[in-house]
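Naming follows writing order (A, B and C), and every chain is counted from residue 1.
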Amino acid sequence: MMQPDPLDLPVLQAFRRCSPLVHCITNDVVQAFTANILLALGASPAMVVEPDEAEQFAAIADALLINVGTLTALQVQAIHRGIDSALAADTPWVLDPVAVGGLTFRTHLCQQIIQKKPAAIRGNASEIIALAGLSGGGRGVDSTDSAASALPAAQTLARQTGGIVVVTGEVDYVTDGSRTRTVSGGSIMMTRVVGTGCALSAVVAACCALPGDRLDNITAGCGFMKQAGSLAARQSQGLGSFAIRFLDALSGMGEEA
Amino acid sequence: MMQPDPLDLPVLQAFRRCSPLVHCITNDVVQAFTANILLALGASPAMVVEPDEAEQFAAIADALLINVGTLTALQVQAIHRGIDSALAADTPWVLDPVAVGGLTFRTHLCQQIIQKKPAAIRGNASEIIALAGLSGGGRGVDSTDSAASALPAAQTLARQTGGIVVVTGEVDYVTDGSRTRTVSGGSIMMTRVVGTGCALSAVVAACCALPGDRLDNITAGCGFMKQAGSLAARQSQGLGSFAIRFLDALSGMGEEA
Amino acid sequence: MMQPDPLDLPVLQAFRRCSPLVHCITNDVVQAFTANILLALGASPAMVVEPDEAEQFAAIADALLINVGTLTALQVQAIHRGIDSALAADTPWVLDPVAVGGLTFRTHLCQQIIQKKPAAIRGNASEIIALAGLSGGGRGVDSTDSAASALPAAQTLARQTGGIVVVTGEVDYVTDGSRTRTVSGGSIMMTRVVGTGCALSAVVAACCALPGDRLDNITAGCGFMKQAGSLAARQSQGLGSFAIRFLDALSGMGEEA
């Protein structure tokens, strides 16, 4: 079985011991994969979407994920009520601003809600640059900028929101505006299976519910995914088996051989 | 290939011969897995959601599944019209009351529709206890009670509704209020892959459309899933390959080696 | 690795070089599988659903897929605005008329939108016959007619719409109304995994965005799927591993061993 970076082992153990209940308001495409990634790491996913229920559940959950990948007008209501309820209950909430910048409706929403103190934001370089108001976004859901080029935008955004910002790419950058960590590894295959980025955002949300330093926790979470990606790439015969090995690697991480 | 319990073989054969058309109004997370489980056993899944279409299709289908996991106000309309149409056409309908008790909106709906003679109800212990009005539910979608502890609630509910109630857990209990069957086996891994419970509810719906004793049919359906879970756990290297082996086991069940 | 038919190799290379951005308005069940199939072939999928965003995004994308499998009233708005925007931007759009004929709501929509010059239509025999106004459709989502029997309907429909019509079955027929190509191969297992037909429709949409003869491109796209199905059937141990091997085959197609 794969062992995590020794520095990250306490975070993995906390993940499995605390089993954070993560309320996911996420896009239609990645629901099952996101749930299975959270389960593989030991968290408990719950997708609750009707505005009344989203408000009620965000106060019960340990963390709330907002992903705008297939945003609808109904989801906008659920998102506002979920976030307000999370804030009132002191539940951390995390934003995945999928394709922000390129589409007006979601860009407007993202600009509104980043005023509401997200504990973390996770996006690719184009999304983070666009969210910081510095450019117009990528092509569809793919980034056209390198993660390093988005670091200044990420730091600005972290200072503005008071939360942590994660820019993912060949190298991931995790910053709270003053401290910045990098995570390398992974595989290009991660970008060719739908939902690895969206699932990482759910993992980041779970990490925000763990005890300890939030920057350390999130950095460890990014590391788990990079390591699983590296191992899965070596064990797979194509993109289908890659996704399966990726889940296998996460679920077995840290177990004795 | 895996052989079913000899007592269950006629049910497996009926499943494949009749290929029941199962109309699923289910949650966003488990749509593909539910469809693939039904297909692996030989049934024909169809997800039809718009209220007008749900009404029309429930009268054509062989069984109707209602799963409230990601309930929305629009789904509530589709559910009411689908059930009424199913009843008028003498189509059996099955309820999976995901997370009932913990969330007001879905609890209210579930309390209403169990008045409408479900052929079966399938839930975990916390859900069945909550639906019988005996407690307040689990934590998110997970049960905090043992299946055995929910048996009295299941029997009460079966007598009240006139249908069969299935409580799943380490041991599954299947009761019509007077007769009770148990099914053991399976694997803890089934609880760590999203959708195994929801897919079982779809299998239960399909079983309600088969000829023969409904309690026997549903007990056999629970057995197929337990057996597939046991075999998949032995053959898998983690949660990703577990789900794949689970489908392989169901699709090959009963075939000659 | 699997090699495509030599005649289809230029299409595969164009697919990977152009990486067409495919805007998918598709059903709830096949979102992830569709995205992963497109990614495996080198295309870039994006599911964008809110009517405002669908209008904006259809003008940016290289192709638009409309699949009515879980049609809702909200989707109808997104579909109309997406198609109108695609036409204005000269973006090809493709229709997958899932279960048309059997359900009034979607049949009415499909009859309306085939007036709007789809670049292609992909369906099973029952769907194509129903869409051409010649019969009443299949049972649920499954065809009750053979692909060959639907060829006259396909040719009529191609001439009426000015686009290409694909009827899939044991043999696929691809016609522009005057020229007709056939594609054989594949495996019966493709019909027992949810989403292979829906994903093919997304591949057809991507093919419409490639340079060269559209009939050739689409025929090649059908061939890629048939070949992947044949190879996956030989390598799999059941329906779970079949879907994984199918994705592996597509992602590795044309690569050196």
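As a convention for this text, a residue touches a chain if its C-beta (ideal position, glycine included) is under 8 Å from a C-beta of that chain, and two chains touch if they have at least 3 such contacts.
As the structure is a prediction and not an experimental result, all values here were calculated from the model.
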Request  = Minus subunit A, work out the clusters of chains still connected through touching contacts.
outcome  = one piece
Message = Given that subunit B and subunit C are copies and touch, would you call their interface same or different according to whether over half of its residue numbers are shared?
response = different
Remark   = Chain centres from averaged Cα atoms put subunit B and subunit C apart, in whole Å, by 31
Query = What positions in subunit B touch 2 or more of the other chains?
reply = 28, 32, 243-244
Query = If you look only at subunit A, which of its residues touch subunit C in the complex?
reply = 27-30, 32-33, 69-73, 99, 102-106, 139-142, 192-195, 236-241, 243-244
Footprint of subunit C on subunit B - complex, ascending = 21, 28, 31-32, 35-36, 39-40, 44-50, 52-53, 56-57, 60-61, 74, 243-252
